[in-house]
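Here the chain labels run A, B, C and D in written order, and each chain numbers its own residues starting at 1.
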Amino acid sequence: MTLDSKIPDGPIEKKWFEHKFHMKLVNPANRRKYKIIVVGTGLAGSSVAASLGELGYNVLAFSYHESPRRAHSIAAQGGINAPKNYSNDGDSVYRLFYDTLKGGDYRAREANVYRLAEVSGSIIDQCVAQGVPFARDYAGYLDNRSFGGAQVARTFYARGQTGQQLLLGAYSALIRQMDAGSVKFYERREMLDLVVVDGKARGIVARNLLNGKLESYSADAVILATGGYGNVFYLSTNAKASNATALRQSVLYADPSDMHSCHR
Amino acid sequence: MNAFFAFINSSVGKKILMSLTGIFLCTFLVEHLAGNLLLLKKDGGEAFDAYAHFMGGNPIVRTLEIGLFAIILIHIINGTFIWFSNRRARDKRYASYKLEENTTFQSRMMAVSASLVFVFLVVHLAKFWVPARILGEQNLSSLVYATFRQTFFVVFYLVALVVLSYHLRHGFQSAFQTLGWKTKRYGGLIEFIAVLFWLVIPIGFAIIPLYIYFYGGSAVAMMR
Amino acid sequence: MSESLRNDGRVWVPKKKGDTRNPKDIPESERDYYLERQYPSFGNLVPRDVASRRAKEMCDNGFGVGASKMAVYLDFADAIKRLGKEAVFQKYGNLLDMYKQITGEDPYTTPMRIYPAVHYTMGGLWVDYNLMSTIPGMFVLGEANFSDHGANRLGASALMQGLADGYFIAPYTVSDYLASNKFNAVSTDAKEFKDAENSVTATINKLMGIDGKKTVDEYHREFGKVMWDYVGMARNKEGLKKALTLLPKIRAEFWKNVKITGNAHEINMELEKAQRVADFMELGELIAMDAMNREESCGGHFREEFQTEEGEAKRNDKKFSYVAAWEYKGPGKKQVLHKEDLDFEYVKPTQRSYK
Amino acid sequence: MKIHLKVWRQKDQNDGGRFVDYTASNVSPDMSFLEMLDIVNIDLVKKGETPIAFDHDCREGICGSCGMMINGRAHGPGRGIATCQLHMRSFQDGDSVVIEPWRAAAFPVLKDLMIDRTSFDRIMQAGGYTSAKTGGIPDGNAILIPKPVADEAFDAAACIGCGACVAACPNSSAMLFVSAKVSQLALLPQGQAERTTRVQRMIAQMDEEKFGACSNTYACEAECPKQISVTHIARLNREFIAAQF
């Protein structure tokens, strides 16, 4: 098996822009014909389910929690980075890209990291629009603080509950789509197997945690947003239910030894 | 009309109705007390009787009186309705429930104090309102003086006023909370005005039977 | 506790080994603000892999504080003096309250005692630029994929990556995938679904049928302790070797001796936990194997044999500038390593310095 | 420490349920209440019995999963904490502790101390959001929000949806929960477009879920782990009245 990262050509600041243009689109009228499964409704899962639902796809979202609002993204306290340079201390997309790559000790893909830095500004705008109460100064402007591994103040925060507030933002986007009928949420379901048909991911088998019944769901694409595996180390700040079960597939684990520590 | 029905039928709408009727009844108390204080005048009840006569004869007042009864009824029926639906909201009781650590005595006793006030109201109407309005009693002051010379009625009224005070201690500020006026800025002011209703007014009412019982009786007798 | 506390909190240990005095009684001159001393330009704001390692080092060398001696102080006294208690409360109030509830100590008056713990995993499922895994049609987002943080994640970037993937990347790439492929309707009655259901049922029945002596929690703790001790913040060949002999033993014992009560047709949290722990065990071994294979130090992966004179992670870009992706070959079988080389066109790798 | 427990055990939704006595020995004062239950559960499993089911996750007081009635108090003794933040140092050696699930018609018991709080999600679904679309959003600083307003909105947004307000309320009313969201979005400029329909729909859904009416006892505020103020309920009421015009 060869690993093709499919990184687009061109200068780094143009890669994502060009790639977006060259990607194929689904006609808005045809989108409802596609079914997409999203497993996990933390930050990544809720936000993608909401965004795909809004585009018009038929989304089935699964969580082993009773509600998307319980996901462990909630426990991230410190803040979220974005190179808005509101603090006028010389921040830029390139500097965030540089800091992230350096902070990661040069073991990440340049193109991915650049794209992350590039879109991160829009995340702040998105969250503000959802009503996330970021810290503000007296004039009403967004406030920033500094954070480990950077010499600029680019971290946006909501007291010490940034993760919770961002998750509630994504959750609100998700329930809006549930209200609109484009996303159907399945609570207390744990994905136990991925189903591959003709070489393509086409569904999942999940256990209904309330009655133990196995339930199968088919779709045209499956998105896993199932979080990390920090609980492999019993001594972890991760929530008790943070798990790796859904990851157990004949796919590749990359850099599994890079685990991460923080202050407790 | 549909929107109004939905509004009044919602749990918050019912509470708002409760608040509005409650506040109206509070204003009635002010008027009622002002009139009754005429009983303290040492004129053998003349001023009070004139007042009672005016209230009984004036068609506008009589119409308002019907409104008053309607509002009392709405307050009672609506309150009962809310009480029952609140009971249903908890299908199974707690084995251990320390509500007293989180709430005031008055707030827990609203249904009880309401029931007691209702009992009082029935006695009160039977004692004074029925003779005055239905049986055509002209000399209401004498009836009052006679009643409050009896120890039983004085004690009964005092107890009722204490219960009413408790009901208003929670009810008055609660009405403003339900109407959304108990904000950080005006909460203090509302608590301040509330003192008038749960303390000053009940004391005002209490003075009348006490005064008659201890002093008024002889004073009136001397005038006659 | 959150890393953000290091913004205004100062990290220190007593200069004297095994100092048991109350922190308030230790004068300034006898405190070692070691992060500020060792990293004058970043000070308390060094990345978390560095801060964690230094804290561990301080404790390992006998400078740890508290009853367990496995903690360092994080002190807000200066910040409170400079900004006032109210300002500190505004910024960190709920974190400090949380600490107070856990420990019963007031962080506004007594320095907090902190120690590193696992918090986030940088590794994950391999995905391409479109966030698609090696299985067509399966996308992986957020912490579950490996892609953006490298060997160490900067603070305040986890939330960023989760939302970037979800709002602004996957909606485009998933659409592209759907538009580029043809899909026949697949019913959940298809053989592939039935097979998957049967294999899941078999695993559940197997777990329920063991009826051994030890609880899932006990295995999790036992396994986790081996992971923490030998595959944790600092690793070496000997330790990893030991872990790789201990871990399979624990796993084998788990499958013979775990006890799960109740049945599989009701709410059964023990069964749920058992399934997760069974997976952790396979994954834990893989982590150890990968750590063994990567003979260099980088970010959160710290091999004691590979460090600079100053005790920092020493990379070996010649040999290990690649993403290690392991192919799962079925239970009990050895995973196969695939490599994706990392090219650096814009930012040339240098020795990280936060001095 | 030794603690005597009286725990509500209920097999499933249809089971009548009953109290069962347990003893937790070797409890250290530094343990959290949930860690104490973990120990009881390990003993139960060893004895071949089913462990006590209770919801829990982050154990840092932020996810809102845990919650139980402990000696007649939502989240147990103490103020401003969730069950996971309650520590055994709040009890004395030999104490008796009664543990029950939240009781409300809108929160059916699933098993033991686990309840179904999806009614909260259905209320949120009825309007607890802004209609922000993904992308195409103005810059975060294009909307100025003065600090006092942002702070007050935050106070409301701090709700973790644990249900303690409902559990503590003598009427099982969800007004504090609903008001937290309505108040947050009513304060912020982003929430203005749906201000009217939001409050009407959310209250209608709250009533449909069979939560009780608020009688302003303020038991909710007293037991809220995030100490959300009842002034938000006042704002909810104001919003509801204003929505009629």
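As a working rule, a contact is a pair of C-beta atoms (placed from the backbone, for glycine too) under 8 Å apart; a residue touches a chain by one contact, two chains touch by 3 or more.
Given the structure is predicted, the values throughout are model-derived calculations rather than measurements.
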item: Distance-maximising chain from chain B - centres being C-alpha averages; value: C
item: Chain pair with the higher count of C-beta pairs in contact (A-D, C-D); value: A-D
item: Geometric centre distance via CA averages, chain D-chain C, whole Å; value: 29
item: Rounded Å distance, chain A centre to chain D centre (Cα mean); value: 26
item: Chain centre separation in whole Å, for chain D relative to chain B (CA means); value: 37
item: Separation of mean Cα positions, chain B and chain A [Å, integer]; value: 60
item: Where chain B touches two or more other chains at once, by residue number; value: none
item: Interface hub residues of chain D, defined as touching at least two other chains; value: 60, 110, 134-135
item: Per-residue multi-chain contacts in chain A, two or more chains; value: 47, 50-51, 122, 126-127, 159, 161, 163, 210, 237, 241
item: Touching pairs - complete list by chain label; value: A-C, A-D, B-D, C-D
item: In the complex with chain D, residue positions of chain C that touch it; value: 97-98, 101-102, 104, 167-168, 171, 213, 215, 217-218, 259-262, 266-270
item: Chain A residues within the chain D interface of the complex; value: 47, 50-51, 54, 65-72, 74-75, 84, 86, 122, 124-142, 156, 158-159, 161, 163-165, 168, 171-173, 175-176, 178-179, 185, 187, 210, 237, 239-241
item: Sites on chain D touched by chain A in the complex; value: 55-60, 62-65, 110, 116-118, 120-121, 124-135, 137-141, 143-147, 150, 153-154, 157-158, 160-161, 184-185, 188, 190-191
item: Residues of chain D defined as touching chain B within the complex; value: 6, 8, 19, 69, 71-73, 98, 100, 103-106, 168, 170-173, 200, 203-204, 206-207, 210-219, 222-223, 230-231, 233-241, 244
item: Chain D-touching residues of chain B, taken from the complex the two chains share; value: 3-4, 6-7, 10-16, 82, 85-86, 88-99, 101-104, 107-108, 110, 170, 173-174, 177-184, 187
